[in-house]
Amino acid sequence: MTLRVDEVSLAFGQLQALDGLSLAAEPGRIVGLIGPNGSGKSTLLNVVSGIYAPQSGTVHVGGRRITAFQPDIVATMGVGRTFQVPRLARRLTVFQNMLVGGRGHRGENLWNLFVRIGAVRTDEHSMQERAYAIVRRLGLQDKINELAGQLSGGQQKLLSMGVLLMSDPQILLIDEPAAGVNPVLIEQQIVFLSQLRDEGRTILLIEHNMDMITGLCDDVYVLDGGRVLAYGTPDEVRRDPAVMQSYLGTHERKVAS
Amino acid sequence: MIDFAIYMTTIVCIWAVLAISLNIQFGLTGLVNFGQILPFAIGAYSAGIASFHGLPIWVGVLAGLIMGPLIGFLVIFPTRRMAQDYWALASLGIAEMFRLTMLNFRGIAGGVEGTIVERLSDPRVAMAVSVLALVVSFIVAERISKAPLGRLLRVIREDETLAATLGRNPFRFQVVAMAVAWAMASAVGVLYAHITGFVDHGSFMVIETFIIWTAVIVGGPGRNLGVVVGAIIIQAMSVSTRFVAQWTDLPSDVVANLRLALVGLLLVVMIMYRPEGFLREKKPNYDVKS
Amino acid sequence: MTQIFVNSIIYGSQIAIIAIGISLTYSVLRFANFAHIQYAVIGGYATYVFHTAFSVPIVLATAMSMVFTGAFAVLIDRIVFRTIRHVTPEGKMIASWGVALFLRSILAAIFGGSALFFELDTTTIRVGGAIFTTLDVAVVLVTLCAMLAMHVLLRYSRVGVALRALANNFELAEVRGIPSERMILLLWFLSGAYAGLGGTLFAIETQLKPNIDLLILLPVFAAITIGGLGNVYGAVVGAMILSFAQNILISIDFGSLVGAMQWYVPSQFRDAVAVTALVLVLLFRPQGLLKGLGGAKP
């Protein structure tokens, strides 16, 4: 499914978080979103996933208009997301979190619980198998009975990716998967995300880690002040003087020092 | 002595159901209902109003079972727009609104004098019905708690936004939890009216809500067995103070106040030192091999 | 008509003084402290004890009681609330109910359930069609002074600046070097002292009983909800709006309006009015009527 954002604007009081921003992401491609803090990256994800309603502009998914739909509706249309600070049910175990990720479980219906007991059991069984397969892919199979809140930051990011995959989304919005994560886990995520791309999913990736961006992304949008500052392949964007000035220059200097 | 044991069992069962009901709301779903006495009052007043207007008993019973979840829906509705601490205030206010209405409108159910309700004459029958109510409530609550539905409710408790981005409408599930919980509480409300044979506003003061809260916090929010134990502890405490009153020469109203002070103290101490309650929420252990 | 106005001002003043304290603590600590109502009742009893048992003049007794309840609020913070700073707002709210239940029951055990009265000499004053007493005048004046003092403190003193900074962004204010724990102590002291004053005024105007907390609870929480939780100025405005609404409503002859015989809303419905206002505001404007009108953000 294609994701298209057209002329989206949103202001919080005096602060113009998104200013007529447009972008598109195609299936089988990873689209990077970079830009300084406050440039509107996370706000854009919140608009697409339905947490904020934009003041103007539209969002389309696979040709259907989803502007300002409720987050749960957006999710059921195949758009899944992670958060910069991973959102997990911290007092539940890893496996409980995983199992809630999958939708359509008949055991979430009160009537079925007391009437269609067999169906509930069947669904639970298949859900557990799927969850276990994903957990193994993520290398978290030894942690399934640990509380999600007790995992390391990097493992929490992996877990929220796993929870996301449980619902088999066609469009994935991934917010800073590498921030504060050790290099081994970053490498694992890169492999993982490229697999997902090869499965034909649409991926929108916010990341500050330039190695991850250049290594993974097919296209990159550079945001600044809620607008698109530049667009192109990672290499093109790197060479763009405006980008160097506003973002990459400062960023790389910071890394160098 | 036997009479007393029968009476105690009856009362404990009723309060345990109220605690289970609050546990479904708070322990499982994270709804901070400061008006938990309301569904109980709705049940009791359904019986009271039916009796006051000379209607047959079954009308009151039916009304109680229907009105509980229905009003529960009206009460939960605003939670779509407000944070939990605001909703807590709203639920407290709505419960008081109901009580004050019953107190001030004599025409509904006798106003300040209350109303007489047909009484279950045999205390053993009353006890049997209460035990049955507890068993049924417990089984329903346990089934929900251990099922995928309970898992989802817990996620809503931890983070509503997360549940929404996973494709679930938190409000819809809060409504389900509320309906089940309020049906239980209003059912025992009807029962309570027919056991005491009398309904007046004095049984539904704000304090009663916090006695139920204490049972849940003491027993262990999220754990049905825990909150039943909590209800037993609170009721045992309240009964034992009566004996204390007999042994010591303290006047009974002083003892009653000291008992409430103890309840308050227990609530504070638990939140300070053991917020997970005596029986902490169970963590399921999955054993998957493929 | 003047009588309604006068009654509304008097009742609104009593509610406002108590409501200020809850908003004050909410603005920084972010939880609705139900025990505050008990601080007010304790303040009433403290004044009574100082005044009758030790024959301290009423004004001085009230001042002593304010210090006492202020210190008491600090004490409760040291024992209870400080240890649960990290707990969720709901948890703190529930704990504050526990504190409230404890204090109310201890008060009732000590003083018994019967009503006590401050027997103060008052003179009746008539202005236009309104009747009120010198005591009413004193209550309103004291309230005005107390509000003015709070305003000056919050707006113009360094302590006020620090408190407002904590209310706006606690972490940032801490980082900038504001001694948060010391400020919280001060916050509790002020809040408790105002509760003590409010409780005393309430008790002087009516009576003193352990269960007057139920008379205070709903109107006070309705007032702060109308004004927006955590907004000190909103609490005062909310109290006045509520008080006028209550007094106007119970003095309208609804019966004649519909052409029937005289019928008034019974005065015991005052509380029901408060609760209805609380619920309606929460339903339709949960951020309060006055969001954005100065004070701390809710």
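Letters A, B and C name the chains as they come in the text, with residue numbers starting at 1 for each one.
Keep this in mind: a residue touches a chain if its C-beta (ideal position, glycine included) is under 8 Å from a C-beta of that chain, and two chains touch if they have at least 3 such contacts.
The structure displayed is predicted, hence computed values, not measured ones.
Student: Which one of the chains is farthest from subunit C, going by Cα centres?
Tutor: Result for the farthest chain: A.
Student: Which chain's mean C-alpha position is nearest the mean C-alpha position of the whole protein set?
Tutor: Ranked by how close its C-alpha centre lies to the overall one, first comes B.
Student: Where the CA atoms of subunit A average out and where those of subunit B average out, how many Å apart are those spots?
Tutor: 41
Student: Just give me the whole-number Å value for how far the CA centre of subunit A lies from that of subunit C.
Tutor: That pair's centroid distance is 48 Å.
Student: Would you mind pulling out the distance in Å between where the CA atoms of subunit B average out and where those of subunit C do?
Tutor: Distance between chain centres: 30 Å.
Student: Which residues of subunit B touch subunit C once you look at their complex with the stated criterion?
Tutor: So the residues of subunit B touching subunit C come out as 32, 78, 81-90, 92-94, 96-97, 100-101, 103-104, 205-207, 210, 213-214, 217, 253-254, 257-261, 263-268, 271-272, 275.
Student: Using the touch definition from the top, list the residues of subunit B that touch subunit A in their complex.
Tutor: 140, 143-144, 147-149, 151-152, 154-155, 157-159, 161-170, 173, 176, 180, 281, 283-286, 288, 290
Student: Per the contact definition, I'd like the list of subunit A residues that touch subunit B in the complex.
Tutor: Checking each residue of subunit A against subunit B gives 49-51, 70-72, 75-76, 80-81, 87-93, 95-97, 99-101, 103, 105, 107-110, 113-114, 120, 123-124, 127-129, 131-133, 144-145, 147, 163, 167.
Student: Applying the document's contact rule, which stretches of subunit C touch subunit B when the two form their complex?
Tutor: On the subunit C side, the touching residues are 31-32, 80, 83-84, 87, 89-91, 93-95, 97-106, 108-109, 112-113, 214, 217-218, 221-222, 225, 229, 266, 268-269, 271-272, 275-276, 278-279, 282-283, 286.
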